[in-house]
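In what follows, chain A forms one complex with chain B and a second complex with chain C.
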Partner chain A sequence: MSAPQAAPRRSVLVVCRTAPYGRSRARDAVDVAMAFAAFDQPVTLLFLGDGVLALASGQRPAPEFSRSLDKLLGTLADYGIEEVHADAAALAARGLDAQALALPVRLAGPVELRELFAAHERVLTV
Partner chain B sequence: MTLHILSASPFAGSCLAECRRVIATGDALLLTGDGVYAALGDAAAVLRELHAAGVAIFALAEDCAARGIDTRLPDCVSTVDYVGFVDLAVAHPRTVSWF
Partner chain C sequence: MIFSLLVQESAVGRQSSHAAYRFARELVARGHTLYRVFFFGDGVHNSTALNCAAGGEADLPALWQQLAAEHGVDLVSCVSSALRRGIIDEREAARHALGAASLRQGFELSGLGQLVEASIRSDRILDFGG
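Let's look at the complex of A and B:
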């Protein structure tokens, strides 16, 4: 028998589509991205539509909630997740600009959004 | 080539709007569950626009019949059964779920 082999590396795009706190999906998207990274899978995060609200700086959830998502997002680089993209039109529609965000992101317009989907072997919408 | 699977009503949320933002010429869109309501009204206009832009559009026949909209499908929508669903999934290297 051959020795166990590492799982093949498959690029995955994790798409966060919901605002934080009302539901757990935004947190789930970040958690699953970190899990992919922990298993050495190349992962890119995209915040699409209402998902861009997870990027807003200054989040101060009550203590009974889990720690604020913007602080968690600040640790993405520690997990080796360098590719964080945000839907530019969704940010603009919500009155948010780059200065209002908790971390530096790449702004994606219609062309870049399609390129992101085409460039990844797997897409996980959350 | 990507298969987009829309499974929620476009009248209750942003699924179709977000799918529309990223779907590309040569992709396919499959309506399942409450996603088949995209065949109605304002959403059907979006489907026609996508079809004109080179997106193939399918709906799961069983889910259309269950909701009584199988007789109301726009011309740009082709129905498939579960075997057709599997064929679509096999034919596309990537699937994206919108719910």
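Let's look at the complex of A and C:
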């Protein structure tokens, strides 16, 4: 369970493209991102497609089904995950703008998306 | 080159774990090192000891086990994914007073830290079923 001391830091892009609650994928992606951050790896979270729905504020899932994802996402900064990006076109297509989101998110257009994938040493879609 | 894989879907009813296995075989056949396969979410079903493959279908849990035995590949199933899905090793079976263990020999249960460590130690990490 231990990463070696003074392990090399490899930047990781964790991608989520699955809507929350119908599957546990969005929650799993956050767990993976938090694990990388816990071992001092630089992590960026990116939401694509239906995945952007995880970012909407005011989520009220049935309590027996799942913890509210927007509250969990609100704690990302406490875990050292500063960078959360979302596909701007995917948000717009679903009627969401920056004001409708539960946390500060950087909106990425096609150019920024390409740069995100190129800039990270690891890309994991969860 | 050193590789690790992240496997996220069930061994049955989905194709992606089969693709991961074939990729793994091809890696070692070409002289690369496969350091670890990390099974996450439904991917932990790849590590069951209690499956019976239908005739003519690939028995993926057995194939992973064989690959690990031949090439010393670390097969790790995420413990929190596994416990929820009834993939239980002897230790967890005793700890939670469950009647039986179901983790296949050659696999171990551990945390997401093993995925992080695989990412750090490997030149490449690929996800299947993401």
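Here are some notes:
The rule is short, and it goes like this: the second predicted complex is superposed on the first by the 120 of 126 C-alpha atoms of A that agree within 3 Å, B and C clash if a C-alpha of one lies under 4 Å from a C-alpha of the other, contacts with A are read in each partner's own complex, and residues count from 1 in each chain.
Keep this in mind: a residue touches a chain if its C-beta (ideal position, glycine included) is under 8 Å from a C-beta of that chain, and two chains touch if they have at least 3 such contacts.
Just so we're clear, the structure is a prediction, and the values are computed from it rather than from any experiment.
By the touch criterion defined above, A:R122 reaches both chain B and chain C. Contact with chain B, but none with chain C, is seen for A:D87 once the two complexes are overlaid on the shared chain. Of the two partner chains, chain C is the only one touched by A:S24; chain B is not.
Contacts of A:V111 after superposition on the shared chain: neither chain B nor chain C is touched.
In the superposed pair of complexes, A:R10 makes contact with chain C only, with no contact to chain B. Looking at the superposed arrangement, the partner reaching more residues of chain A, out of chain B and chain C, is C. In the superposition on chain A, contact is made by A:G49 with chain B only, not with chain C. By the touch criterion defined above, A:V32 lies against chain C but remains apart from chain B after alignment on the C-alpha atoms of chain A.
Counting contacts by the rule stated earlier, residues 15, 122, 125 of chain A appear in both its interface with chain B and its interface with chain C.
Those residues of chain C lying in contact with chain A across their complex are 6, 8, 40-41, 110-117, 119-120, 125, 127, 130. Taken together, the chain A residues at the contact with chain C in this complex read 1-4, 7-8, 10, 12, 15, 24-25, 28, 31-32, 35-36, 38-39, 41, 122, 124-126.
On the side of chain B, the complex with chain A involves touching residues 2, 14, 17-18, 21-22, 24, 93-99. By the touch criterion stated above, chain A contacts chain B in their complex at residues 15, 17, 48-50, 87, 89, 110, 113-114, 116-118, 120-123, 125.
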